[in-house]
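Structure below; questions to follow.
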Amino acid sequence: MSIHWSWGIGVTMGVYIAGGISGGHLNPAVTLALACIKKVPWKKVPFYMLGQYLGAFVASVTIYFVYYDALNSFDGGNRMVSGPNGTAGIWATYPQDFASVATCIGDQLLGTAMLLCCVLAVTDDRNMETHKGLIPFSIGLIVVVIGMTYNLNCGYAINPARDLGPRIFTAIAGWGLEVFSYNDYKYFWIPVLGPHVGAILGAFLYQFLIGFHWSEVVEIT
Amino acid sequence: MSIHWSWGIGVTMGVYIAGGISGGHLNPAVTLALACIKKVPWKKVPFYMLGQYLGAFVASVTIYFVYYDALNSFDGGNRMVSGPNGTAGIWATYPQDFASVATCIGDQLLGTAMLLCCVLAVTDDRNMETHKGLIPFSIGLIVVVIGMTYNLNCGYAINPARDLGPRIFTAIAGWGLEVFSYNDYKYFWIPVLGPHVGAILGAFLYQFLIGFHWSEVVEIT
Amino acid sequence: MSIHWSWGIGVTMGVYIAGGISGGHLNPAVTLALACIKKVPWKKVPFYMLGQYLGAFVASVTIYFVYYDALNSFDGGNRMVSGPNGTAGIWATYPQDFASVATCIGDQLLGTAMLLCCVLAVTDDRNMETHKGLIPFSIGLIVVVIGMTYNLNCGYAINPARDLGPRIFTAIAGWGLEVFSYNDYKYFWIPVLGPHVGAILGAFLYQFLIGFHWSEVVEIT
Amino acid sequence: MSIHWSWGIGVTMGVYIAGGISGGHLNPAVTLALACIKKVPWKKVPFYMLGQYLGAFVASVTIYFVYYDALNSFDGGNRMVSGPNGTAGIWATYPQDFASVATCIGDQLLGTAMLLCCVLAVTDDRNMETHKGLIPFSIGLIVVVIGMTYNLNCGYAINPARDLGPRIFTAIAGWGLEVFSYNDYKYFWIPVLGPHVGAILGAFLYQFLIGFHWSEVVEIT
């Protein structure tokens, strides 16, 4: 359970640090979705994305060196993707045996769509008028709750940078190409593709259900 | 324990999303009680309730498909309401063996009355003047604490839509009519009836103890 | 751990409900200490205290009936204070075997002194200017942290009403006079006396270290 | 996990109490780093540091007496630094067997650098404009997340006063000089030196990446 709170608070801190300059973009799927509904200019999207993937890669390197001793003491220097001594799951996500391709795709679509609905709700001035300083807390809590409820099938990547960046790092750092070939090449692209599509769907869902209705609300009131 | 935080934060996010348009009505018992103390117009009540039951039903369908693989891997496709392989409790609540009918009714009355006292307190402008953007957090915390303390007897439904909607879904989706006949037909109606009555009692309790006294407080001060 | 969060959030909700009218007095030791530093008029103190003890007693009765079935299923109707089937600890606190009288007194003095320092800090307008709507959260967190750190010796009563009220109830409701005679009559009065003295010490400590210095700070600035 | 929340909320309360007068300085490494980037006048640094080490020492004495009975009941009065009955880790931190000197240094550098980046972000008026009353919460959460993620190697001291003060106390109070000689004298100085250097690095990192760019942001906007 610790891990869900850690991810959530980690996101809170990321938004606190980066919020003032870039608006706290940490997830390429969120950036893309916000561009689609015109809340972020398209010309900024490639730079944000580059930064997000680079950031996730640098963080992977850091974690590797901080826990290098612990890793060797655990697996004796023999890096494994899966099995009882498997450690690749510290970096990228891997699905449970029972989770089919369709389930993983649906899981990522839904999880990221939910993320976008929540993110748009807490940042929507016309909704609950959340104070700017509270937004990082709210977004952190969203990640906590998605973690607690969407962890079972394939570990709630919901962020392509957070999944692909570390996966590339582990491929280079000694775990080999099995990080991509795992489950017969039928997984690694799901937490990259799924969140992008899910985020766009979630953003339009919020706009159609709530965002576009404010003028009517104002008129009625 | 994770599950209590999940419900609580889930409610927080629901209120954030829906708060600006409908005032964040997610619970038909709360809606009914607020109508009784004239905080919601009666003509809106049937539409809110319809939406709440529909929403809970749609969420039940979603959870079913997201965890369809996990479910089959757990029970081999043989859906059971109770016993070691019972899974119906993922959707609706079921009482402990030791909990009598009277205990379950009292538990639901009290839990929902407490919910209403807390909800009215945090949304009462004249009390602690809680900022609008903080209200979803507070209501989420209320659900966390009721979850932690009222879980033992019959799983703190405290929301008829959250209990009856998923129960109807499981009846259709393969668990059969045992979801209603469980405990000799002496349970399924309790988390529907109990919260409605408890919420009304709780709302009037708050009004009599605190809500009606503000003018006097102002006069004294 | 659940239990520490429950107490904490429960206190948060109590302050939300009662905050606007009485200032959220739930603890007779805190009320007494605030009267000593002239933040509460003395004439109100007996009424607050009466309400606090009555409230704790009524809550004890409620808990007893809500969990009556569970209790009987656990101990077969034979109420015990201590031992493997002991249940009196659900209501009042009882010390660990290793904790001497001196340790329990010190523990209660210190825990309540810390509580008062924190309560006075978060409610002190001249300190961090905490918004009124956030105060219940802060006080709830204080109780969480005292619970997590002061639980070991004798279960962090730190509130005489929360300990003596339930103790009297259990004496009447079937546990008998052992709730007082436990540990050779050398415990039950500690969580009553200790918090009152500790709260007063804590209140004066805060005033001497911080509260009385604001004018100087203003002059220097 | 309880322990991470306790440290975090403890820091929150410390900042609430001391925030109004000194700005909530509890960590000599943070004080030094803030002096380096001119957010604290150099002449105040020695007084803050003295207070921080004294405070940590006094807290160590307090904890010793509160848990004196529990300690004796656990180790029979025979104080040990390490091994199954080792208790020195309640006061100062000790590294895991697998953690090399380089790992511990890197761990402390990184953890404290992260701490400073977060602290500067939440207290930076030009970033997310966090309300003063929320800052103690944010800083507490930072400590929670660092605790959850940096606990593995050597127990996230990240505060020289919180580590050296209690270590000196245990040396005096019966654990002897092994608290310094542990791991062949190759540990005790790391949580003192590492955080000072890490905090300065973190503070300059934040300034170069974000703090110095506000004027440009303003110009561009």
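A, B, C and D are the chain letters, set down in written order, and residue numbers restart from 1 in every chain.
Keep in mind that, in the parts below, contacts are C-beta pairs under 8 Å (C-beta built on N, C-alpha and C of every residue); 3 or more make two chains touch, one makes a residue touch a chain.
Fair warning: this is a prediction, and the values are worked out from it, not measured in the lab.
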Shared chain contacts [chain B and chain C, defined touch]: none
Copy pair chain A, chain D: interface residue numbering same or different (half cut): different
Chain B and chain D: spacing of chain centres that average the CA atoms, whole Å: 42
Distance from chain B to chain A - Cα centre to Cα centre, in angstrom: 30
Touching two or more other chains - residues of chain A: 1, 131, 134, 137
Pairs of chains found to touch, sorted by chain label: A-B, A-D, B-C, C-D
Complex interface listing, chain D residues touching chain A: 1, 4, 96-100, 103, 106-107, 110, 117-118, 121-122, 124, 126-131, 134, 137-138, 141-142, 144-145, 148-150, 152-153, 206, 210, 213-214, 217
Chain C-facing residues of chain D, complex: 1-3, 5-6, 9-10, 12-13, 15-21, 62, 65-70, 72-73, 131-137
